[in-house]
Structure formats: structure tokens, C-alpha cells
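Below you'll find the structures, each written out as C-alpha cells.
Heads up, the next two complexes both have subunit A, just with different partners, subunit B and then subunit C.
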Partner chain A sequence: MAFDAQAKRNFKVVGTRVTRPDGIDKVTGKAAYGADIAAPGMLYGRILRSPHAHARIVSIDTSAAEALAGVKAVVTGADLAQPDDEDFADVAINCLARDKVLYDGHAVAAVAAKSKSIAKQAIRLIKVDYEILPHVTDVDAAMQPDAPVVQEGRALETVPAGMSQNVTTHCQFGHGDLDAGFAKADKIIERSFKTAATHQGYIEPQACMASLGSDGRGEVWCCTQGQYMVRANCAAVLGVEESQLRITSSEIGGGFGGKTSTFIEPVALALSRKSGKPVKIVMTRDEVLKATGPTISSSMDIKIGMTKDGRITAARGELRYSGGAYPNGTVNMGAQAAFAAYDLEAVETVGWNAMTNRPKEIPYRAPGAPTAIYAVESVVDELCQELGLDPLDVRLMNAARKGTVSSYGPTFNDIGLVATLEAAKAHPHYTAPLGENQGRGLSCGFWFNFGGNTCVSLNINDDGTVGVVEGNPDIGGSRASISMMAAEELGVPYDKVRTVIADTSSLGFNDITDGSRVTFAVGLATIEAARAAIKEMCSRVAKIWDIDEDAVIWEDGCAKPAGPNAGTHPPMTLAEIAAIAGKTGGPIAGHHEVNADGAGVSFGVHLCDTEVDPETGATKILRYTVFQDAGKAVHPDYVEGQMQGGAVQGIGWALNEEYIYGEDGRLQNAGFLDYRVPVASDLPDIETVILEIPNPGHPYGVRGVGETPIVPPLAAISNAVSRAAGGRMTELPMSPPRLLKAMTG
Partner chain B sequence: MRYVKPESFEAAATLLRNEDGIARILAGGTDVLVQLKAEMVEPDLMVDLKHLPGMRDIVAEDGGFRVGAAVCGAEMGEDAALKAMWPGVVEGVELIGSSQVQSRATMAGNLCTGSPAGDSVPAMVTAGAVARVQGPDGVRDVPVVNIPTGPGKNSLAKGEFITSIFLPARPDNASDAYLRFIPRTEMDIAVSSAAVSLALDGDGVVTDAHVAVGAVAPTVLLVKEAGDTLVGSKLDDAEIAGLVSAVEAACNPITDKRGTIEFRTKTAGVLAKRAAHIAYSRAGGQA
Partner chain C sequence: MVRVKLWGSLRALADGEEWVEVEASNFKELLDALAEKHPGLAPQIKRGVSLALDGVIYREAWFTKIGPENEVILMPYMVGG
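Up next, the complex of A and B:
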């Protein structure tokens, strides 16, 4: 669906800062989250988890737990189906292990009991006999030929023979003659980097309530980024048909990609099937950190050549990612994104994924891109330092633009990178003075964005209001944005439109809320659904006026005669048409189903000032500005919120957040005390500058904005810290002990 | 689990002594409730002491202050006279946890928990604070420095608990300061910490100095050599260097997820130096 032909549309609703529809419920505590759902006769589920990083399950004895009064069901991996599809099979053994436990916290068995305290006692009565196996948690160690093998026989055909069986993915992207390119360089820098796995850190732990009756019909209420994904996973893992499961998504207390998989819903359904009662499972924070998905950990080598005036002549990156104990393709996205901001003659990226005894990676905002771009942007910054060049000028000189053949293949259409860099250069932040022990860093960021499968129904109510039904949980203000686009298109006030999120039985299939796709794709489908409803309304009015359909146009929320030849009928408002719909052919609705293409890539530039304490290694973020191309900012508050939120999560990733494993392979910091997300007092006000370079693939020019903002912070902060500390930092997080050691030797 | 609200200190002590199972004392509850939620402990008996006489009171005594064992950090922060005399003690207590925790957490609880990283402990130690301990056989006064014996351990006998902490009087031209290192700006546990208490003469020369460091040994350490180094000085570079090396020499930390031996030792010296300058300035000394 192309950008609307009218060059300068005069938006009335889109671009304003209207009140969010879910605001009052959320501030008054009325909003129902995953753990707020209850049913009569409901049981409490609880999961037994592995204390070992890697072990064979010799036997599980559940008899004592089953015998405990108040226990209504106990399930193990044997109670779940074994899907043929590898992805579903991985979901199944991740929900409940079968032959082996693959990481500390891997689910082994579950109970449903009449109370939480009985469930707790029952869990302790389950006897699991483990044969402990050697483990590996570091990606480089896992790639060694003699490393303990996490799973056998999982490598894709693209992986060369003779490597560790942990290596499951190999990919390669690029173009041009690298040797010739490096030969033209005046300066070549080659560096290696490591980054720790980080968690999405959503405040609401996963929670669900599930019921599966003897008639084979099931219901699940859960906190998720995709009810249709939950349905598909549960159907495959339980061995039931999708039509028999109805999944309703609750309000969501943060997702950031982390709620795009299932951990507890199939287990609750299995317990319900066995007990005949609804079963509720609510994860603890400890379980969330141990057993839901963090992002990848990485080890990377980057080599870039540059002429003395700043032109990049060649670039190569080798990325080694670990997505935990299962095969994982995130490195593909990292390898494609690494050099996307640059127009390069010679570029190559090579990616590897290696399995480790860590929880299964689940997407985290722009999965794969932040780490790769951190490494690339660090080397570009160091080249600028070494050659005495302005880092913004160098990026402008080498920036990808319309017509650039990207480092991963496609040729870019209209993109906003140059405009974003120019905005950063013109901003007072870039030239503000710095004091002692302070440094300024910058980084570009990139994300592909996604469209995907989308259904929307739009109903014209008989009182002249409008209901929009969509199928993607609202993780970032999408109900407001969708209502705004419907109001814009129909020409009615925003408060006449209410958008609700359908359960899986009430609307056709929708892809999960991922890839920054909802404002783009659901917005696009909403506009089309509104246009369908408008067409129908014009048709009804044409009948009333007894003129051709083509002679009726829609303007400012009214049907009007199209020119003098159509007669002099007074305009009919949407409300007037709706009120008599029963007499003109019945209810009026519009709908649209699409696999949306043309999401339009998004670029951002972040500027960051830091001060380091040379005596303690502490880093303070002094000033932070985000510049990003939003295509068209539908609700600027939400766009700014995404930009600020991404920056803040990136600050945590850069400075303190990390999965810390002991020698025993167990996670040492499964709680928010020692898994340190930033607190409010750690942060300056994050300034934002929205640029609007319309996306040719959307009628209003919208681009997804949710993921790009987490891409630049890692390098922006590392570059600022490296300049402040007087030495290049190459490992994340830059925790105070690590930074102090780097500064003092 | 039995929850009991005894009528007197004596009754509480007897109850605790006679319990065969696991007993826990409830004052602020900011440790025990967390332990319950984390399923680290399942007490058989919980004895609530908050309501007993004096537990919630700050009273002037002999020129100093007696702080009840259930007085929370926020209440100490709101007591202007206490804060004026012992700003370092109060700022230590006020660093514990969040605003919500601040309205519950107590100095006595922080002491008895036995964490070497307890934020209120170093400044209590440099203040020469004394804990009043109630036991089944009566009351005794114990210097705060002698209460913790190691991580999670204290010197109190079965049935004993603290009812108040006494912060003594101090001369004019005296003050204290407490600093900790955390990777964030709040809501964290000290990776290392230091408290310094100083008294000056009319010329700004240090006449009395006490230095304590936290999270660098199994208990908070009173570093006598570090304090002695400062006496007779105006915190000139040589004495500060002496303070730092005395502190570093006293440190005996571990490496764990929060910090390395090297990092803890280095930062304890840095914090002691910075705390000394703050205490000196608060005591009226001109740098």
C-alpha cells in the first residue's frame, strides 16, 4: 500500500498528543494484567526447575507430590506432545524438559494444587535423579571443538563440517573486493568485542490462567505480545486443534520482545487437562530472569579501513552469538544490520550461532542489531580519533542514502539517515563544552522494521461512534495510535473511536506484536478498513440521493455530492448515515486483511555525554539526545517515549546489566538487586528530536519506531566513556570494576 | 507460623528463648519479609516488637540520643537535632533501600542482620554507638562494633534483641560522614563503604578521629590506624595518603558478582578519603 499521493496532507488528528485510552485504568489500578485473572475452582500451578546447568534426567518420581492432600495434578515433559516441527518441539522441551535439562532454571515438572502453599510443598516432594553433565556458558568456549555439546545434531547445513556441534548457524553477507578496499586505506583498525546477555526487564512477570476441558476445548488468559502465537504454540505442544483454543491477551506490563514466546501457558493447560480445573501460573522475578529469554551474548571482531579524509574503504565483521541452549538465528539479523548505516564499496559480515547452557534467547528490541552496531560504531569512532576527524562528518560522508546498495543486499529507498545526522550536527548538544573527565559519544542505529499478517475490523455503530477491532496486544500505545488513524481517515473526533484487542476466536490471524509492526501494519489495515467503510457509506448515501456512487465523496466526516452535477444535497454526517443504516442495507463495517509489505527501515542517531570517576570507575550520563526518523509520528508522546525508553534500556545494557554465571553454570544474579536496570536517579532527561521522512510504504508515511532506539546507545555510551577515560573500551557492560581496571591498569 | 505481639520486653525475651523452632523478630520487617517471599526461611515463631515502649522513639539522653530499635530511617531523617549532631549516621540509614523501605527499615535491624555491607553500621561504629540489649536475664549495653560477628551472624544470645541504640554526646567542632560505592545512584547494596567521624580544636586541627569501612571484610571494620593518622592534622595530603594506605591495608574483601578484591580495596580508600573531607568540612574545618 503506497504513500498517499497528496504530498502535504493536512492532518487533523494524526500528530496530536491526545489522551491515552488506557490511562485511567492503569493509574487507578483497574487494568487487568496477567495475574489479575481468576476463575471459580481455580488451582495454583507451580513449576519445579533444574538447579543444574546441564544434566541428564535419569528419573522423575512424582508419587509423593501426587499423594499430598490438595494436589490435583502433576505433569512432566511426558504429558506434552512431541511436535515434528523443530521450532514447536523446542518450545515444548523448553516448557518442560524431557531427557536433559539444558540450563539452570529449566522447567522439569509442574503441580496444580488448591493453594499456593500446597503447591510449594508438592514441588519439594518431587524427586528428580540427575546425572550432571559438563556445561558451557561462554560463546567462544562453546565454539571450541572439545566443548561440552548442549544438543546434538542441530546444526544447519550451512555450518561447515568439523566444528563443535554447538555451532548451529552460519551466515555471510556483503559485496565488493575487501583486499582491494583495505589496500586503499590509510588507517586500518581491527578490534574484538564482547557483550553480556541482557534481559528485557519488563516489570510484569509472565502470568496466565488456563482451562482445558474433557471436551477438548480450551481457554487461556495471559500476558503476551501475541495471542495467535500462544494459540499456535499451545495447540502444537498440547496436540489439540487451534480452533478449540481461545486465547485472550491481558493488559501487558512491558514486553520489549520478551513476551513473544510461551513458557507457562502450555503447562497450565496440561495441568488443567489433567485436573479438570482452571489453573493459574504466575512467574516470580527469579523465574523470569532464569527461565524466560534474555537477549544473545556476543563475541565480535571488526576490521575497518579508512582514508585520511574519512572515507571508509572496506569493512569486515565476524559475529559469534549465543542464543542459549537452542539453535538460534538472531546472528543473521546482527550480520545484516552491522554496516547498514554505511554506503560501502567492499563489506563482509560473517555470523555464527553457538548453543550454550543458558536460557533460550527471546527477542529483545531489534534483536541482534545493538551488539553488532556497537562493535562497528566503536571502531568507526576510534578511526575518527586516530585520524583527527569529526565523527559526525565522517558518518555523513559515508552515510547510506536513497539508492545505496545496503551491506546486506537490498537497495535503499527513501531513508532518513542523512537528515538525522544533519539534525544531530545542528543541535546545540553537539557543540556544548565538556569538562574534565567528560566525553561525548555518538552512534548511528538501524532497524529493518516489519509489516506482516494483519486483520482489522472497523464497525460503524448506530450512534455514530466507531469500534476498531484489532489483534495485537498494546505494548506501546497502539490503541491510541490506531484510534487516531481511524478518526483521521473517517473525519470524526478521536474520542468517537474505541479500539479493542480481540481474542483469537474473534478476528483473523495476526502476527505477534514485534518488528515495530503494529502502528505501521495495523495502522495501514485500519486506514484501509476505514476506507472500505467509507465506500459503503457513500454507496448508501448514493442510494438515498439516487445518484451514482462515484458522485458521492467523503470529506470532513461527511458524505457530499461530488460537484454540481451530483445535485445540491446537503452533506450527511457519519452519525446520520449510521442512524439509518438498518433502512439502507444493514450494519456498516469495513475490514482489511493483509500481509503488509513496505515497513520501511528506520535510522537513529544518539548523542551522549558522560563523566567518568577516575578513582572509582563510576560513569555518569550527563546529557543524552535521541534523533530518529519516525516517517510520520502518529502520537508524538508515544514516539518520544519509545525513543527515551530505548535509550534508557541501552544505558542499562552499556553500564551495568549482565547475566553473571558462576563456575557451576548457575545464574548468580536472578533478581533486580544484582541485575541492575537503571533507576530514575541514574538518568538525565532524555532529549528527543523526531524527524519525519515519509515511508513510501504507508499511506501516512509511518515507520515503526519501537526498536531503532535501543540500537545506538551501546556504542554512543562506549564511545563517550572511551573518550572520557582516555582508552578504548571493548566489553559490555562497562561496570565500575571493569572500567576502573581499564583506567588504572 | 505463629505471630506473637508480646506485652513486655521480658515476655518477648522469654518467648524467644523458649522457642525450639526457628524464631524471627519483626521490627521494620524489611529483611524478614523479603526472606519469607524468597522462601529462604520459614519461621515457626514471629515476634513483633514495634509496639513496645520506646521502640518508636528518639529521645535526648546525656547530651546524645537514644534511638528506639523500631525507629525507621525516614523518622531519623526528619529529626533535625539528631541529624545536626550525627549527620553521617543519619545519611547512612537514609541510604537503605527505597522511599518505601525507608519508612520501615531500622538501624537495629540493619545491625543485627550482620551484613558487612549494612549502610548504617560504619557510621554507628565511628560514632561509638552502644546498643541496649534485652535478654531473658535482663538488660546489657554492648558497643555496636561488637554486635556483628560475620555475614548473617551476630553476638546476641538466644532470646536477646536490641531495644535501642545510643548515640553519645559530642563536642563542638565535631561531625561525621558516610559514603558508599554502588554501581547505580540508589536502591543498591554497598560494594564498599566508609564512615569517618572527626573532632577538631579551635584551629581546625583534628583532635579525635575514627574511620570504619564496610563490605571489605566479614564485618564492618574500625580501622584504628587510619583514625590515628588523621589526629593532629588538618587533613593535608600526607595524612590523607596515610589514611588511604591504612584503610587499604585493613581491607580483606572477597571477589563476587558485586566487585573484585582489588576494586573493593581501592574504592574503600577513595571513599574514606572523600568522607574525611566531608566530615572535616561539616565540623567547621577549612580545607
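Up next, the complex of A and C:
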């Protein structure tokens, strides 16, 4: 749906900072998260996990556990279906392993018992005989021809013959003559980079309660980014029909992409089916870190040539990503995003994914892009240093703009990168003085955004209020923004609208909450649903006034006569029309179903000042400013929150967070004491500058904002630290020991 | 005829061609024609692809109109977080 013709629309609700609908419940503890759901007779589930990085399961003896008083069911992989579809099959064996365990923490068996303590005791009684296999956790090692093979026969047809069977994905993008481009360069820098896997770090662990009866009908309550995705996975893994499962999403305590898959819901359903009782499973933090998906780890080579006045002549990148023990295509996204901020005559990005004995990668905001852009933006910054050029001017000189053939193929339409860079250049942060051991870093960021399958139902209540029913869990303020767009379109106050998230049996299919899609796509569907309701209300009023429907318009929340033959009638408000709906034809509602496209790409620029401690290697973030093209910012507080949250997660990724594996392939830091996410005392106030360049693919000009903010921080911080430390950093995280070693040689 | 650009790693499956011409008036016809002309592309098309039409990315919109005047770029299926 295209941008509305009324380009100068004066928004009354959209763009304001209304009260968030979930705020009071969250701060008073009333909000019901996944672990808060309970049912009469409920059992407690617990999962036994592999202590080995890679091993064949010779046998599993569950008899002692089953004999323990209070244990009502024990399940293994044999209790789950074996779907033909590869993606569903991966979900199944990741929920409960069958022949092999593929990583430390891989689920092997599960019990349901009358209490948590009995369940904990019971899993210790399950005897698993393992044949330990060689393992590999490093992506470069996994790509070697003689590396231990994680899974056989999983390579796509694009992978050249002769490579390790761990290599599952190969991609290549670009255009132009690289050799000619590099020949024009006055300076060429080639660097290799590595980044550690990081976890999405949501505060709420995965939790669910599930019930599946002998009649095949089931219910699941869980924290997820997509209840329809949970339904599809559970149906496939349990071998039941989707219509027989109803999935209700709880309030969610963070997702960031990490709750776009299922880990425990099929297990809880299998335990319920066996025990005949509802079963609740709540993961521990240790389990979350070991067995739910972190993002990829990476190894990358970047080569960029530049003239002495700052024009990039050619650029090449090779990305090697590990998405854990299963194939995945995240490197496709990284390879496409790597050079997207630049207008380049010659560019090539090559990507590889290799399986390792790590947990299955699950998307993390803008999956694949932060690491690739970290490496690219680091080399651009180093070229600027070497050539004595201003890094912002160089980016402006080379910036992608309307008409640029992007590094991944399409020609850009209206994009906001130049405006975002100019805003950064004009901001006082860019010219503020720096002290000793301090450095300033800059990075561009990019994300695609998308729309997707969406259903919305909008009901006009008889008291003149409005109910919106949508199907995407609210991970970033969507209930507020959807209510605001409904109120805007209908011309009613925001507090007259309430938006709720439907279960899977109450609304048609919706894609998961990902891809920065919800405010864009659900908003678009809400506007269309509101317009359908308005059309119906105008029709009812036309009948009351006995005039043509075309002679009734909707303005300021009222039906009004319009045109030469409409006559004179007092406006009828939405509330007046709603109150007599039963007399004029019945309930009034609007709905809209769409697979939305036209989301519009998004660019951001981050500026960061750091100070490094030459004695300890510790880095302090002194100042941080985020500039982003948000399209129309529906609720600026939430937009700023996304921008700040992305920056903070990026600070953690850049400075401290990493999955650390021992020689035995076991995760060494599965807890928040040793896996260190930033806390408030680590951070300055994150300043934000929203640019509103309308997205032509949305009636209000909205574009997604949730993922772009995590793309630039890795490079912005690394560039700042490298300048402060006097040497180029090429590995993340830049933890104090690593930085100290780099500074002291 | 519609000209469609393939991303690099698909070209080996399409006789090394960067641009492929097929008879199509919408997204579905284009995918069907590509798979028929270059069977090596069929597995990727079956797994899922995106299509950029004059710079706007579509994920699964079969009946989106395509004409010879459009810039048509085949892309991997978009995923996000």
C-alpha cells in the first residue's frame, strides 16, 4: 500500500508520546510472563542435557527415573515425530536428540513430575551411554577438509565439491571489475577479523505450559515472538494437526530474535500427552545460554582500496559464519548487507556457513549484518586514518543514495543515509574535544526490513470504543503504535482504542515478530482495517440520511455530508454510529489480511567516544549518539528505545559478551556472572536523533526501526577504541585482557 | 521478456549467466520459467527467494506484475530477528 497522497497530513495521534498500555502492569508485577502461567494438576518438566560437545547416543535407560515416586512421564527423541521437512526435522532433533548430541547442552530426555525437586532428581536417574566423538567449535577449523563432521549431507547445491561437509552454504554478491578498481587505489588495506558468538540476552528465560489430551487437542501458553510459528513447529514435531493446537503468547521479557524458534514447547506437549496432565517447563539461565540460540560467530577478510582523496575504488569481503550445529543462511544476509552503505563501482562479497558443535544459531536483531559491517567499517576507518581523511566526509563522499546500484543487486530508491550522515556531521558530538586515551568512532549501519503475512481485525464497540486484534507478540511497543494508528485513522482519542494479541485460534496466520516488520506491516493492515470500518460506518449513515454513500465522508472521527446533493445533516460521531449499529445492520468491524511488501530499507549512523585504560585494558563508553532514519516515528519514545537498546546490546557485543568454549568443547561461561551484558552503570545516556524520511511503501511513511540500531555499534566502538589505543583492533569482544594484550604487545 | 539478475553463487547453476531472460509477467511465472530454463536453480527457488522489483523487495508475492521495463533482481529469502 503506497504512501498516502495527502503528503502534508497533520497527524494528531501518530508522532505523540502517549502512555504505553503495558507500562503499569510491568512495573507493578501484574504482567503475566511465560513462567507465570499455571493450571490445576500441573506437572513440572525438566530436561536432561548432554555434557558432551559431540557424541553418539548408544543407549538411554529411563527406567530408574520412571520408577521414582512422583514422576509421571519421561520422554526422549523417540517420542517425537520425524518430519520429512528438513527445517521441522532440525527443530525436532534440537528439542530432543535422536542418534547424536551435537553440542554441550543438547537436550536428550525430559521428565514431568509432581514437583520441581522430583523432576530435578529424576533426570539424574536417566542413564545415557555416549560414544564421544571429535568436536569442532571454531568456524575456520570446521571448514578444514579433515575437520570432525557435525552432520553429513547437509550442504546446499551452491557449495563447491571437495569442501568439508560442515560447509553448508555458499553465496556471492557484487558487481564490477575488482582488479581494475584496486588498480586505481592509492591505498589498499586488507584485514582479517573475528567475532565471538553472542546471545540475545533477553531477561526472561524461555517458559511454557502445555496440555495435550488423548483426543489430540492441545493448548500451549508460552513466551515467544510468534505463536503461529510455535504452532507449526509443535504440530510437525508432535505429528498433530495445526487446527488442534491453540497457542497463546504471554507477555514477553525480551526476544531480540532469540524467541523466533521453539525449544521446550514440543517437549512439554510430549510430556503432557504421556502423563495426561498439563506440564510447565521454565528454562534456567544456564540452559538458555547453553541450548537456545546465540548469534553466529565469524571470521572475515576485508580488502578495500581508496584514492588519496577518499573515493573507494574497490571492495571485497569474505565472510565465514558458524551458525552452530545446523545449516542456516544467515551469511546470506551478512554478505548482502556488508557494503550496502556504499556506492561502489566494483564490489564482491563471498559468504560461507559452516556447522560447528555449538547450539543452533537463532536470529539476533539484523542477523548477519552487525559482524559483516563491523569488519567493513573498521577497514574504512583505518583507510581514513592512514590517508589523513575525515571519516564522516569519506562516508558522505561514498554514500549510497537514490540511483546507487547496491552491493547486493537492486538499485536504491529514496534512502536516508546521506541525511543521516549530514545530521551526524552537524551534531555537536562530532566536534567535541577528546582527552588523553580517548577516541571517537563512527560507523554506518544498514538493514533490509520486511513486511510479511499479517491479519488484523478491528471492532467498533457499541460504546464507541475500538478493539484491535492482531497476531504478533509485542516486543517493542507495537500495542501502543497499532492503537495509535487505529486512533489516527478513525479520528478517535488514543485511549478509546485497545489492542490485544490474539491466540492462534482467534485470528488468521501471522508471521513471527521479526524483520522489524510489526509497526510497518501490522500498522498497514490496521489502517486498512480501519478504512474498511469507516466505509461501513459511512454506509450506515448514508442509509440514515437517505443519501448516496458517496455523499458521506469521514472527518475528525465523524461521518459528515459532502457534495452538492448531500443535504444538511449534523455530523454523526463514531460513538453515535456504534450505539445504533444493531439497528442499522449489525456489528461494525473492519479486517485486513495481507502479505505486506514495501517495507523500505533503513540506515543508521552511530558516533561513540571511548576511553581506554592503558593499565587494565578496560574501556569506558564516554558518549554515544545514534542517528537513524525511522520513516514516520509513530511513538518516538519507542523508536528512541529501539535505538538506545540496539546501541547498548552492541556495546556488550563489542566489549564483553562472548561464548567461551574449553578444549573439551563445553561452554565455560553459561551464566550472567561470566557472560557479561552491559548494566546501567556501564553506560552513558545514549543520545538519539530521529530522522523522518517517509517510506513510500506505507500510508503514513512508517519503516521498521528495530534491527538497524544493533548494526553500527560494533564498528563504531572498535573504531573509537582503536583510535584511543593507537592500534587497530580486529577481534570482538575487546575485553580488557584482549585490549591490554593489544596495547602492550 | 524479463531480464533477471542472479546473485553470484547461483550463476554456476545457470550456465554462468549473470542476467537471464525469461518470458514472464509476474513473480510466479518468472520463478517457474527460471526453474524450467535452468533446473539447477530449482532447489533454491523451492527453498525460497526474494525478488527486488525496481528496488522494492518482495518475499513471496507471486502475482506481482513484472514487465520488461522493470529492474528485476533475484535475492535470497529475507530473514530477520
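Just so we're on the same page, the second predicted complex is superposed on the first by the 744 of 745 C-alpha atoms of A that agree within 3 Å, B and C clash if a C-alpha of one lies under 4 Å from a C-alpha of the other, contacts with A are read in each partner's own complex, and residues count from 1 in each chain.
Basically, a contact is a pair of C-beta atoms (placed from the backbone, for glycine too) under 8 Å apart; a residue touches a chain by one contact, two chains touch by 3 or more.
The structure displayed is predicted, hence computed values, not measured ones.
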| item | value |
| --- | --- |
| Side-by-side fit of subunit B and subunit C on subunit A, or clash | fit |
| Subunit B versus subunit C as contact partner of A:172, first or second or both or neither | second |
| Partner chain in contact with A:411 - subunit B first, subunit C second, else both or neither | second |
| Subunit B versus subunit C as contact partner of A:332, first or second or both or neither | second |
| Which superposed partner A:664 touches (first subunit B, second subunit C, both, neither) | neither |
| Subunit C versus subunit B, contacts on subunit A by residue | C |
| Subunit B versus subunit C as contact partner of A:257, first or second or both or neither | second |
| Subunit B versus subunit C as contact partner of A:548, first or second or both or neither | neither |
| Which of subunit B and subunit C A:741 touches, first, second, both or neither | first |
| Centroid geometry (CA): angle subunit B/subunit A/subunit C, rounded to a multiple of 10 degrees | 150 |
| Minimum C-alpha spacing, chains overlaid - subunit B and subunit C, in Å | 27 |
| Residues of subunit A that touch subunit B when the two form their complex | 120, 286, 615-618, 655-656, 660, 668-669, 673-674, 676, 678-679, 681-682, 735-737, 740-741, 744 |
| Subunit C to subunit A touching residues, read off their complex | 5, 7-10, 12-13, 40, 43-44, 52, 54-61, 64, 71, 73-81 |
| Touching residues on subunit A, where the partner in the complex is subunit C | 156-158, 170-174, 200, 256-258, 260, 329-330, 332-333, 336, 348, 350, 362-367, 408-413, 447-452, 514-517, 595, 597-599, 601, 697, 707 |
| Partner subunit A, residues of subunit B touching it in the complex | 38-39, 181, 183-189, 191, 257-260, 262-263, 266-267, 270 |
